[in-house]
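The following pair of complexes shares a single chain, chain A, combined with chain B in the former and chain C in the latter.
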Partner chain A sequence: MAPVAGEVSVAAPPGAGYASLRDERRRARRSRRHRRDLRWSPYVFVAPFFTFFAVFGLFPLLYTGWAALHRVELTAPGRREWVGLRNFSRLLDDDFFWNALANTVTIGLLSTVPQLLIALGLAHLLDHRLRGSAFFRVAVLTPYATSVAAATLVFVLLFGRDHGLINWALGLAGLDAVDWQNGDWTSRIAVSTIVVWRWTGYNALIYLAAMQSVPGDLYESAALDGASRWQQFVHVTVPSLRPTILFTCVVSTIGATQLFGEPLLFNGGAGATGGVNHQYQTLGLYLYEQGWVNLHLGRASAIAWAMFLILLVVGAVNWLVARRLTGGGGER
Partner chain B sequence: MRRLGKGIRISRTSRRAAALGITCVLGAGAAAGCGSGASDGRTTLTVGVFGSFGFEEAGLYERYMTLHPDIAVRQTSIQRNENYYPQLLTHLGSGSGLADVQAVEVSNIAEVTATQAGKLVDLGATPGVDRGAFLPWKWAQATDRDGRTLGLGTDIGPQAICYRKDLFARAGLPTDRAAVGRLWAGDWGKYLAAGKRYRAKAPRGTAFVDSASGVMAAVTGSERYRFYDRRGKVVYRTSTTVRNAWRTAARFAASGLTAKLQQFTPAWDQGFANASFATVSCPAWMLGYIQDKAGAAGRDRWDVAAAPRPGNWGGSFLVVPRTGRHTKEAAALAAWLTAPAQQATLFAERGSFPSARAAYALPVVSGARHPYFGDAPIGRIFADAARNVPVQIVGPKDLLIAQNLSDVGMLQVDQKGTSPDDGWEAAVKAIDNALDL
Partner chain C sequence: MSRTTEGKRQLTGGRVAHAVLILFAAGSLFPLVWTAVAASGTSGRLARTPPPFWFGGHLLENLEIAWTDANLGTALINTTVVAGSVAAGTVFFSTLAGFAFAKLRFRFRNALLALVIGTMMVPPQLSVVPLYLLIAELSWTDRLQSVVLPGLVSAFGVFFMRQYLTGALPTELIEAARVDGAGSWRVMWHVVFPAARPAMAVLGMLTFVMAWNDFFWPIIALTQSGNPTVQVALTGLGRGYVPDQSVIMAGALLGTLPLLLAFVVFGRQIVGGIMQGAVKG
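Our next item is the complex of A and B:
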């Protein structure tokens, strides 16, 4: 199918001798060029991405790894002092690092699990025939389109201790006001809420798209067998969505590991400390604090690499789980 | 970090400056005239600032260009110092991307003079700079051990106490600013005592002071020695003045005199709007902030009295990087911008208090009153404070230490009821990790 274009031009004019020889050569050249074209142009088309990736992705990654092996301060970025794996080994007994890691996992779970469950439910509702369904579908995506900064600032006001809307509502219900920002768990829950609010709609739309490709006759036969809507959801929808759910799990896990903007802005006063007890300082925040507040670029680079390695482990676990799930059930 | 700096002075006008900065970045390749270079025969000088410095808004660049027709001045601005300063360091490190004149915040100036001296012009030797015009302590802050002055002082943050007359009256305290000043003159302990008197008859839902951290910043700001000793060694752990400031602030928290707020947060802003506290330690630059947040409802309710002891909080410097193509012209511009007359203009237009003591005698400063604060004679109050501020030893990591003491340590004592000792330990742990000791 490929050489169609070539054949069109091959239509050799009836001529003789010299002219046809020249045509012959031209044709050969053309077809050589054409083969080269077929072979190499895809690479040329993808080259910009990989060039950019090499410059802005791979190089910084490697350079960060190099910097992590040195003592580098932002006050003199050009002066590096070789320290080997010291920046990594000190992470092992760095309480702030472990605290940040634990917070990242906690907040990650607190945000990812409800977020995906709610998204699944929302998608299920949106999948029904609704009046103005286009409106609702766009509406669930609006939080995702909001900037983190704007959303977080609003949430900071909602979670305010003295004049916050949530405490006001709690007061109406006769409950005590909660100091959201200073509590260990309350602050983590509050930060997770922002994440859930922002990403639920995005995941819901992904699920919805997947749901709409589930064959309708599956539902019809389930209905004929007397399955209720809930049973259809559990036994038809969810199993069909399995690859999609895995995809959103992976993406959300990566997002949760890199959580940065929400906790940073949740503390409008101090920035990167993540609360008075560092109670919601995530790895991203600790990395930022070391690099751009404390100006220790070497240590920050080591944290960055540690995060990268953690992500690789998480990715591997995800892949194993995915293989089990789809390998076990997918090839029926 | 923001709280110790001028980054908090974010105004609508600075957005214009930011937009200009972006235009410069985008148009850098074209002959946009944003880099230092000659366009239409004039030498273009760039000034890099954070927040809203007010040079542009007060029309100082315009005036300079009128006085020097061969010079064009452009400004680039980054809103917050915590974003501005790391960028300034990277640019100094790589020797590119620098403006001809750069602003430096006071809590960064010691680090800049200690680590970047080789990259900056000695402004003390610039013609037109009159050392005697500046406050000696301000001049000393940007001068290194070899006697090279790398930064010229712009504004400073002499401190007073802003208080609400209406709340004071209801609590049975004097309201006249001289009498209020006498209430606590000379001693932070008396400020605490006044707080206890206030609490005894306090209007419901109000506290005496906004935050324990604010008290601590004010107390440490009035001390000659805080985090570093004379030889530049970190001694915050054993410094008696720091421990005293810590104890005083913790006593405010323990006595229930604070509104348990954190400064420069939305909740703090709401505290101004809802009159949740009666006093706040206010450097000169904070007056505009209070007016902004307390709004029309606070008019004539707020007033300004002298602080227990004179102290300083905030202020900035201008430095000239050596890599610039027109360092001589840039130094002349920096000298002119920080000369007493221009500092007085900046005070009149923008409320930035001059670091040039020669400006205090000028009528715009000496006669200045603030209509929002009951026509308080702020020129006199702050000039008195400024003259008596001790020559403070600032160290390279002052900002880190102050920030962790207040936002990690004192904040949990104030807001969570952590014991002062535990709060101190938490702060020390965070500071030592940050300092890489």
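Our next item is the complex of A and C:
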């Protein structure tokens, strides 16, 4: 090859103002490759996400919808019998489904509302210039690093009826012991407490981040107008945080809809019933019970789709509320 | 987002603020400390009133029983493998896709990005039945790949990296590399990955924590006596394979300890990462 290259370069006088044929071809090839690279590499870069999503997300999503229209048993998953909408219509007549739905909403409210309110207050405190503020931030986030399983096991002990620490403390205060596991409302409160404990610090940090990007002159002018700290919090901080608050509402709602680990492990060995009277059985738990305890995969799929539809409705409501909020406050 | 506002308007805290924060910190940390207290005694001690508030002398013994009876040795190794692979995969694939969405032009870019964000709304419950059938078909029940593969990509990760790279990676830098004749992979390797490193670290940590604590899918795909992750093994403890409460607490402690240690070491970075993700996300 070398002699050829030499020959060609000799044939093309240096600095003559035109490239040799070979150079030109090489440049053309390179620019073609360059163009091809520019054109296709974005797709190559996003391909892994969409490939995995198609296999482990989209396909299962559609398949669940299809399975929900069949009778499928875990014992023989290959045998499917078309039943149309019967899995869905049975859900509508199923007391346990409505019970689970009501529990999901109840526990969702009991955990989300206090969680976000406390987080807002906590973030406000963390926004102060304090000694040891780095420590406090890490400390309130630690529950986030604790798994559902570990946290629930500890809280089961803390909420014990006879020897639990919480009832002992209530006793010190002169109150009666509470049956946290078997009561209707007390058990729901206890399950919600675990959620609140695990997620409050996380949400507080999200609020704190948003608070720190609120422009300082807003506060200065509010202070000049004679607003107290509390008034500044209500009239400056909270309105500026609206998008963030909405974001945490959506995320927490999604989380609450899927609540599963806490109620599964809160009933010390009773399985997926969510308490002796199903008093804290959530939709996620009910799905698990139908599919993997009672082995009705078709019905489990129907529950999954019902959960999805509920989430869509919640999402739409959130969106409407958000539009009203931003329309009412943001512009004016 | 402006970087300068931090600290510009920080209120100076009074004693009350400090006291309330100490209370919150105590409330956050107490259950964890008490797990260790409960794990260090006998179960008889837990059945006493008042409950114990200080450490006993049986911690190692209980840890040993939990370790052998609940398969926790296997579980800890499994969880490390799973969380490590999931975090590595998520970071790598998210950076690729995040870069494409942030800096490259291509047809359907906005539609595809909307699709990515849309997938965040789909609850994991919606895919467990077919996923289970799929891994049963492949005989992957109790195999770690059944937990790793579905976790390798994350819509949140793609979105997170896109937001970061949009701001942190100057387009001129990419153009300069291209003028020098670098192809897309070289640009990726020599320009994007170095620029993305801080966000990659944050995403890696968050994903690791999430994968370590993942519960719903592992408990369906893996079994307690076979090849569990820590969370699945702990479920076995809670359901009374081991009736001893102190041993259960020892297991809970073992399952949490690695992440707690990570929090002691990297706590500030994790906090910073969550706050950064929140503002940009």
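Everything that follows uses one rule, which is that the second predicted complex is superposed on the first by the 290 of 332 C-alpha atoms of A that agree within 3 Å, B and C clash if a C-alpha of one lies under 4 Å from a C-alpha of the other, contacts with A are read in each partner's own complex, and residues count from 1 in each chain.
Quick note on the criterion: a contact is a pair of C-beta atoms (placed from the backbone, for glycine too) under 8 Å apart; a residue touches a chain by one contact, two chains touch by 3 or more.
Small disclaimer: the values here were computed from a predicted structure and weren't measured.
Once chain A of one complex is fitted onto chain A of the other, the partner contacts of A:257 are limited to chain C, with no touch recorded for chain B. Contact with neither chain B nor chain C is seen for A:175 once the two complexes are overlaid on the shared chain.
In the superposed model, A:21 lies in contact with neither chain B nor chain C. When both complexes are overlaid on chain A, the residue A:234 reaches neither chain B nor chain C. Judged by the touch definition given at the top, the superposed model places A:305 against chain C, while chain B stays out of reach. With both complexes placed on chain A, chain A has more residues touched by C than by the other of chain B and chain C.
Contacts of A:320 after superposition: neither chain B nor chain C is touched.
In the superposed model, A:157 makes contact with both chain B and chain C. When the two structures are aligned on the shared chain, A:63 is found in touch with chain C, with no touch to chain B.
Within the superposed three-chain model, A:85 lies out of touch with both chain B and chain C [touch as defined at top]. Taken together, the two structures place residues 77, 153, 156-157, 162-163, 268-269, 271, 292 of chain A in contact with chain B in one case and with chain C in the other. Listed in rising order, the residues of chain B touching chain A in the complex are 1-3, 82, 86, 89-90, 93-94, 111, 115-116, 260, 262-268, 270-271, 274, 276, 400, 403-404, 407-408, 411-412, 415-416, 426, 429-430, 433-436. Residues of chain C that touch chain A in their complex: 1-2, 5-14, 17-18, 20-21, 24-25, 27-29, 31-32, 34-35, 38, 46-51, 93-94, 96-97, 99-101, 104-106, 109, 112, 115-116, 119, 121-134, 136, 149-150, 152-153, 155, 158, 181, 183-185, 188, 209, 212-213, 215-216, 220, 230-231, 234-235, 237-240, 245, 248-249, 251-253, 255-256, 259-260, 262-263, 267-268, 270-271, 274-276, 278-279, 281.
Across the complex, chain B is touched by residues 74-78, 94-96, 153, 156-157, 160-163, 179, 182, 267-271, 273, 276-278, 289, 292-296, 299 of chain A. On the side of chain A, the complex with chain C involves touching residues 30, 33-34, 37-39, 41-46, 48-50, 52-53, 56-57, 59-61, 63-64, 67, 72, 77, 122, 125-131, 134-158, 162-165, 168, 197, 201-202, 205-206, 208-210, 212-216, 219-220, 229, 244, 247, 254, 257-258, 260-261, 264-265, 268-269, 271, 284, 287-288, 291-292, 297, 300-301, 303-305, 307-308, 311-312, 315.
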